[in-house]
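Structures for review follow.
One chain, subunit A, links the two complexes that follow: it is found with subunit B in the first and with subunit C in the second.
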Partner chain A sequence: MDMKLEMDGEVAVLIPEGNLVASKVESFNSRIEMLVGKDFRFVLLDMSRIDFIDSSGLDAVMMFNKRATGGGGILVCAALKDNVQKVFRVTWADQKIPVAATRSDGLQMMRELRAV
Partner chain B sequence: METGKGTLLVVDDDAFVSEMLADILDGDGYKVLTAERGMEALKKLEDLPEISLVISDMNMPEMNGLELIEAIRKSGSDVPIIILTGNSEISVAIAALNKGANDYLIKDENINETITISVEKVMEKQQLKLQNIQLMENLAQKNRELKKERTLASKVQANILPIKLQLSGFQTGIYYRPSNQIGGDFFDALETKNSIHFLIGDISGHSTSSALVMAVCNGMFRSLGQTMENPLEIVTAANRMLCQMLMDSGMFLTLAYMTLDRENNVLSVVSAGHNPVFLFNGTDIETIESTGPVLGWDPDDDWEVLEFPFNPGSTLFLYTDGLVEAKNSSNEEFEARLIESLIRIEGPPDELVTTLLREVSDFCGGRFDDDLTMFAIKRL
Partner chain C sequence: MDERTLVMEFEADFKNVDIARASLQGITADCFGKDTERASDITMAANEAMNNAVEHTGSTTVKVEVAWNDKVLSVFVISDGPPFDPVAAVAELKQEDILERDEGGYGLYLIRELVDRFEYEYRDSHNIWKLFKLTGI
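And now, the complex of A and B:
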């Protein structure tokens, strides 16, 4: 799966692209591993280029969140398309992971969460 | 002298060349047989299956090298063949290779060196080819075994689910189809002393592990339903067990669990991250959204319980996301059409399910990427 990394201060902004579905989960995980390694603290997952997410894709995001928060870090998801937002809302994943409407809102949310 | 590197057959009408090649190759550890004519070579190949390579002259009486290659290949043999000739025309080499020769050598002053190299190269390639064939056969065998296992697992799974339900006072319509023989969807109905329990669930993913968790969940909810009446208690207990069981697998379960108090006609619903449940009371459709997160994420999660009247004549429609996420060629999901279809389709639950299946199949061209389950229950 295509994924870009852009740094915004200490925050790693990951921008995956395509459908986050069962067949892409392995490459999603390996791209994260390659781009931010195991020692990341603050990651913003810009999902503006994810068109569709299935349950396996949501598994992967939740596992990523678990790794991030388990190590004292923060994961914020931002810019979810309607389809993806619906999955987050129905499963209540949006109650488990901080979700922001836009990337800049996500970065602001990250600053506020870090200040807590 | 080395032995055991293989048996070679040299075909040449010139005895001097045959003996020279035999000497060279014998010294390299090959057992060398000879034939003066093509027909004699074919007979030896038929009688001696241990021949692992043929070296043939191109220009011979009765049957030339090209004709010999053709006859060998026609017999079904894929023994490697090296063609020798004094002719350095490239067209002859191409013709020989096209007929099925594996290499082509010019009979010149370097032949004692080039023949050894060519034989080793061709034998090595043949060995690799045989190994590849064996590997492909092993892979095909593994695939056959895996397919057999999945078919068996599919049958076991189908037997776990109550494809035909006999509930007194209810009519039901059911459709269940895993996307890949085995799946993570399940549903059930359970009658207890004072109530009836209905449930539908969907384990994340479509793997064998999803099917395994589905089987465990099915048994777990049967057991919990026998001992508890309150859907919130049941879902809470199930979540704690699932969190322990799934640990760091990342898997989760979406579930809608309902109990009907028969005496008071009240349906209590807990929906753990599941797609909306639809309840038809006369002309009204109640859309029941999820009342809390999916199961398996956090043992301390909580859910709201919603209550609705479920009187005789009312119909409950449950489904998994395979229905609403079915896509047409314009990448639109069926979800936008579901309510309109539910309002329009008339008839008992089995007809509702059958008609809906036809509509969604037409919509997505029969291409379903996910498990699909529909469960309609009408109270008589």
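And now, the complex of A and C:
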């Protein structure tokens, strides 16, 4: 799975591209490992280029969130397309992971969460 | 609209699910037009049913029968294996159970929430998951 990393201060912004589905989860996980390793604390997952997500993909995001928060970090998901947002809403994932409408909103949310 | 059908049969592999899903996306776009939410709902639900057939049934092949007309779109996902009734399994799932989970087990719940009707049949050693979405809304 294609994924870009951009840094915004201390925040790692990950931008995966394509469908986050069962056939791509392994690649998604290994790209994250390669790009941010184990030392990340603050990650914004810019999902604007994710066209489709299934429960395996959602599971991968949930595990990523668990790993981030378990190490005292923060994961924010941003810029979800309507169908991806619906999966988050139906499964209540949006109650467990901070979700922002846009990347800039996500960065603002990250600043606020870090200040708490 | 006369009823139209498409039957796909593929080796149980997630990469083939991707191809079947792409075909289904074409059909749902045709069925639901501008109602992209309902089109996406049934596509996501069918994707979960196909994933389940690949991952959990032990079946070497998966068959998908799609039928649609101006009233309803149905997707039947058929696999070998011992009986497993997903409708009964998901009926026991409560919203609180999902809210408390931090990973895993969302597939069946998604199907239940995204289709208009979800049925199950076990026939001739095949699990048949039947998903329906009304098209005439």
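In the analysis below, the second predicted complex is superposed on the first by the 116 of 116 C-alpha atoms of A that agree within 3 Å, B and C clash if a C-alpha of one lies under 4 Å from a C-alpha of the other, contacts with A are read in each partner's own complex, and residues count from 1 in each chain.
Methods note: contacts are C-beta pairs under 8 Å (C-beta built on N, C-alpha and C of every residue); 3 or more make two chains touch, one makes a residue touch a chain.
Everything quoted here is computed from the prediction, not taken from an experiment.
Engineer: Sharing subunit A, do subunit B and subunit C clash or fit in the superposition?
Structural biologist: clash
Engineer: Scan A:66 for contacts with subunit B and subunit C and give back first, second, both or neither.
Structural biologist: After superposition on chain A, A:66 lies in contact with both partners, subunit B and subunit C.
Engineer: Of the partners subunit B and subunit C, which touch A:19 in the superposed model: first, second, both, neither?
Structural biologist: second
Engineer: Counting touched residues of subunit A, say whether subunit B or subunit C comes out ahead.
Structural biologist: Between subunit B and subunit C, the winner on subunit A residue contacts is C.
Engineer: Regarding the shared-chain residue A:108, is it in contact with subunit B (first), subunit C (second), both, or neither?
Structural biologist: In the superposition, A:108 contacts neither subunit B nor subunit C.
Engineer: Contact-wise, after the overlay, does A:95 reach subunit B, subunit C, both or neither (first, second, both, neither)?
Structural biologist: Both partners, subunit B and subunit C.
Engineer: Quick check on the output: what are the common subunit A residues between the subunit B footprint and the subunit C footprint?
Structural biologist: Touching subunit B and subunit C on subunit A: residues 22, 54-56, 58-59, 62-63, 66, 83, 90-92, 95-96.
Engineer: In their shared complex, at which residues does subunit A touch subunit C?
Structural biologist: Those residues of subunit A that touch subunit C are 19, 21-23, 52, 54-56, 58-59, 62-63, 65-66, 82-83, 86-87, 90-92, 95-96.
Engineer: Under the stated contact criterion, what part of subunit B meets subunit A in this complex?
Structural biologist: 202, 204-207, 248, 250-252, 254, 273-275, 289-290, 292-294, 297-298, 321, 325, 333, 370
Engineer: Under the stated contact criterion, what part of subunit C meets subunit A in this complex?
Structural biologist: 14-15, 17-18, 21, 36-37, 40-41, 43-44, 47-48, 51, 54-55, 95, 98-99, 102-107, 109-110, 113-114
Engineer: Sort out for me which residues of subunit A touch subunit B in the complex.
Structural biologist: Residue positions touching the partner: 22, 54-56, 58-60, 62-63, 66, 83, 90-93, 95-96.
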